[in-house]
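Structures for review follow.
In the two complexes below, subunit A is the common chain; its partner is subunit B in one and subunit C in the other.
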Partner chain A sequence: MSRTIIVGGGPAGMSAAVEIARAGGDAIIIDSNPRLGGQYWRHGPVAEFSYDGERFVALQAEINNHPSIEVRASTQVWRASYQDGVATLWLNDGTSLTGETLLIATGAYDRSLPFPGWDLPGSMTAGGAQAILKASGALLGRSVFVAGTGPFLLPVAASLVEAGVKVLGVLEANRVNGWVNHLGAVDVRKMKDAVRYFKILSAAKVPIRMGYAIIEARGDGRIEEVVIAKVDRNFTVKPGTVEVHKCDAIATGWGFTPDLTIAHSLGVSTDVHPIDRSVVIHVDAFQETSQYGIFAAGESTGVGGVDLALIEGRIAGIAIAVQRGLISTVEAKNRSVGLASERSKIRKFANALLSVYKIREGWRSWLNPETILCRCEEVTFKQVRNVVHDLGASDVRTAKLLSRCGMGMCQARVCGRMVADVIGAEIGAPATDDELRGIHNRPIAHPISLQTLADQGQ
Partner chain B sequence: MRIYLNGVEVEATENESVGTFLLKRRQQVLRKTRFNDQPRGMFCGIGVCFDCIVTIDGIANQRACITQLRDGMRIEVTS
Partner chain C sequence: MKTADVVVIGAGVVGSSCALIMAEAGLKVIVVDRGPIAGGTTGAGEGNIMVSDKEIVPEIQLAVRSRNAWFEIADRIGNNFELQAKGGIALSRTDAGMAGLRALASHQNAHGIETIEVDGARLRELEPHMNPEIETAIHYPGDGQCQPMLSAAYFLRTVRHLKGEVWQRTEVLGFSKDKDGSIIGVRTSKEEISTRYVVNATGTWAGDIARLAGSELSIMPRRGFILVTTPAPKLIHHKVYDADYVANVASDSPELQSSAVVEGTESGTILIGASRERIGFDSRINMAALERLAKQAISVFPVLSKLELLRVYRGFRPYSPDHLPVIGEDANVKGLFHCAGHEGAGIGTAPGSGEILTAMILGKPTFMDATPFLPKRFQGVA
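Right, the complex of A and B next:
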């Protein structure tokens, strides 16, 4: 019971585990991946990184050297609860874990926008394209476009170039002026990152086109060509700017969605982010949530990148050590020097990026009536419009129940937010904060076998 | 190690997911959808979207992207 349960072995979870162990505490890290590192430090059997691997290697070495940290990889949490100060996690290996202290470090995944043909094989998320490359050197295609919005498109395109993929273009839907200056204001590392990506892309003569988007993908059973166009500041297609290009794959990304499935089951309070209206875990200055003993760090408290995740993880780990009585508050202060100010500096910068790389409403103009919105249940834009206009659905939940949009295997992880926005626009009233929160309600986090269910019921 | 892809024995390296293994064999299409019989492949690559579901060792709806290859594994894809 005294052991801290850490859900997620990415930067936040790893740095928290190290702080807890340094203070003399025990921790167990649960991760669905076969290896530590999360999405940012995803790697194959050998921990090799083209860039920024040193920090991972150091953290992993410290975790390996602490007998008080257990790592349980390739393990999924399918259910979580919090009652009378005790958190319980049910794992897909048929076992369960209980603890009075738990850290949610579940990270985030790509936010996607639909367009005609986005469901064709060869269409991947930007993070997915990066993940398969990092994990095993797999390439999504041979000639590809990288499109969407956000600074993440650049490292994805750069690593594809380095892996030998012909990147036909990076299409940034927002018009971004002087963002490199913004980056420089935060720290030298980010500046160096950006320069490095631009060098790789310009050496490979990859065009970076601001104010462009993929508005359609076409092909017979797989992507063979894409339609791209110039979009205005609201993402509406500018007439007469449409181009068609041959390619065999595309990687699209529109920022990230914090993964709140476990958080929701644990009953922690959430905020709706003032800039992008994503739902994030509410935490105090010590990264503790509204539930005593439940902490959160990293992207699940608001998307901010690896440096913020590492700092939040450290702050959480130190606060957990205090709550468990392992160190004094004076000692905690000594261990936390500079962390809080660094956190607020990076968070401010992350929010500036969120404002610059916002998803603008005009994306809905790319849809045609037959465009799939919910990939799992194959629900089209027309069907969603019909439940609003013909069946009178006047809220997100009713529209979802009537159309089955978001009720498939992914449990609305991919389409939830975007469908809420479409329904909101059709009804004429944007989704409420509680409707946005409701998207993350998944009592069964991942599918499990009836056998596992039966075993755990005993 | 050896795995069986639609019943055919093929050589595979370890420490790889079913999804990346198939992609390297240029198997972009992993299944057909239930209602419209449309082809689908890997989309999110990290276990979120359930688009890459295949049948593994007789069990349907397994995510290819997060399932690691094992010796003797039987994988069924529809393309």
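Right, the complex of A and C next:
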């Protein structure tokens, strides 16, 4: 019971584990991936990174060297609960874990926007494209467009170039001139990263086009060409700017959605982020949630990138050590020097990025009636409009249940937020904070074998 | 001030059935719900249209008429709600259990329910994936299934087309009465509606509306979980359940009860119901209930061991002290009609209940003797 359970072995979970172990505590990291590192440091059987690998290698070495840290990889949490001060996680191997201290470090996943043809083979999320590259080195196509919004498009495009893919263009829907200078003012590392990506992209003669978006993908059975266009500040297509290009794959990224599934099951309070309206875990200065003993760090408290995740993980780890009586508050202060101010500095910057790379409402004008919104259940825009305007669905949940939008295998991880926005627009009232929270309500966090479930009772 | 012939409180399947049948009878109907369409128990049910689990004669009569009414409605307004006459299979693996099923079947048969005892070979034809150890069962061709939320939504769509209105997110605040105590209006958070007739179709919450009107009604919640699997090609063709299900419904024990009721849906998911717990409005998940349902379902269909659980529904089924629905005029408040307490059978018996209420309001004969359903049986009035 004294062992801290860490859900998620990405940067936040790893740095927290190390702090707990340094203070003499025990921790167990649960992660669905076969290896530590999370999305950011995803890698194949060999830990090779083209950049920023040193920090991962150092963290992993320290975790390996601490016998008090157990790593349970390739393990999925399918259900979580918190009752009377004890958290319980049910795992897909049929076992369960209980603990009085738990860190939610579940990260974030790609945010998607639909457009005609986005469901064709050859279309993937920016994060998905990078994950495939990192995990297996496989190529997604020979000629690829990278599109969407956000600073993440650049490293994705750069790693595609490095893998030998012909990147036909990086299309950034927002107009973000001079953001690199902005970066440098805050973070030298980020500045260096950005310069590196630009170098790779310009050496490969990859055009970076600001204010452009992919508004349609076409092909017979898989992507053969894309329609791109210049969009205005609201993401509405500017007349007369449409171009058609041949390509065989696209990687689109529209920022990230924090993964709040486990947090929701544990009953922690959440906030709706004032800038992008994503649902984030509410934490105090020590990264503790509204539930005693439940902490959170990294993207699940608000998308902010690897540096913020690492710092939040450290702060959480130190705070957990204090709560478990492993170190004094004085000792905790010594270990935390500079962390809080660094956290607020990066958070501020992260919020500035969120404002710059916001998703603007005009994207909905790219949809046509037959555009699929929910890929799992193949629900079209027209069907969603129908349940609102013909059947009288007047809220997100009812529209979902009547149309089956978001009821499939991914449990609305891909489409939940975007569908909430579409439904809100159709109803004429934006999704409420509680409706946005409801997207993360998945009592069954991941599908679990019925046999495994049946065997639990024995 | 708005005027309506009838105000139906509750936009679930029971309220929308009442509203549909009343609107089709030419009444001006306004449906009022504090939440969205089908936001309560209707949105958390399997969509059972069952005749096979009914034992008491009035319940059988209600279920048989309702089952036929479902298909008539589909003929009238179009089957947009996945209505299927899929049939049910009731089984037991004990001699005593089968003897009980046979006795029930012959009783049901005498009251108009088609029942066919099938042997192992026939059972395998009906359900190729059923556990081969199960050698006999009763086949009920009359059992059906629908998608309950879509049903309510399409019923209400028709109500709107018949000049009725549906007021979502509208709270009922109180009732206006004349000097004799008869209802003359409904005060809502939107505006007051002048009406002589109110239908209380608020299911588990029906007691609150009765109290608001100055009467009382004992309707309690019974929690049920339903497991939903990941989509699969068609594996299960009927509504398949074991005999304990019937026994459980009539039981008064508050602790967990469950028995597998397994069926496929049009979307490919398989539903496994239904546990029963009388523990009030506690929405937490009971792991024991999930485990037991999974185990029971696999014992009937071993192929299910390979599927995955995707979602869990939980719903609160409304039940009355004698487990029969409450249909009819309140003994204390003239003009207030209840239509609630259908327990796990509310989807199936909604149309028949709506027909009874419509006939009562119009002063016409009901298709069956509805005395056993009248609220006065709990309201101390002879």
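By definition in this document, the second predicted complex is superposed on the first by the 458 of 458 C-alpha atoms of A that agree within 3 Å, B and C clash if a C-alpha of one lies under 4 Å from a C-alpha of the other, contacts with A are read in each partner's own complex, and residues count from 1 in each chain.
One rule holds for everything that comes next: a contact is a pair of C-beta atoms (placed from the backbone, for glycine too) under 8 Å apart; a residue touches a chain by one contact, two chains touch by 3 or more.
Keep in mind the model is a prediction, meaning the values are calculated, not measured.
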Touching partner for A:G408 - first (subunit B), second (subunit C), both, neither: both
Subunit B versus subunit C as contact partner of A:G221, first or second or both or neither: first
Touched partner set for A:P447, first subunit B, second subunit C, both or neither: both
Contacts of A:S32 with subunit B and subunit C, given as first, second, both or neither: first
Which of subunit B and subunit C A:G24 touches, first, second, both or neither: neither
Partner chain in contact with A:G325 - subunit B first, subunit C second, else both or neither: neither
Partner chain in contact with A:G85 - subunit B first, subunit C second, else both or neither: neither
First (subunit B), second (subunit C), both or neither touched by A:A131: first
Overlap of the subunit B and subunit C footprints on subunit A, listed as residue numbers: 377, 408-409, 447, 449
Subunit A residues touching subunit C - in the complex, by the definition given at the top: 79, 81, 90, 377, 387, 390-395, 397-398, 401-402, 404, 407-409, 411, 442-444, 447-451, 453-454, 456-457
Touching residues (chain side subunit B, partner subunit A) in the complex: 14-17, 19-21, 23-24, 28-30, 33-36, 38-51, 53, 59, 61, 65-66, 68
Subunit A - residues contacting subunit B, complex: 32-34, 39, 44-45, 74, 109-110, 119-125, 127-129, 131-132, 135-136, 138-140, 221-222, 375-378, 408-410, 413-414, 447, 449
Parts of subunit C lying in touch with subunit A, wherever the complex brings them together: 36-39, 43, 149-150, 153-154, 156-157, 160, 166, 168-169, 227, 229-231, 267, 284-285, 287-288, 290-292, 294-295, 297-298, 304-312
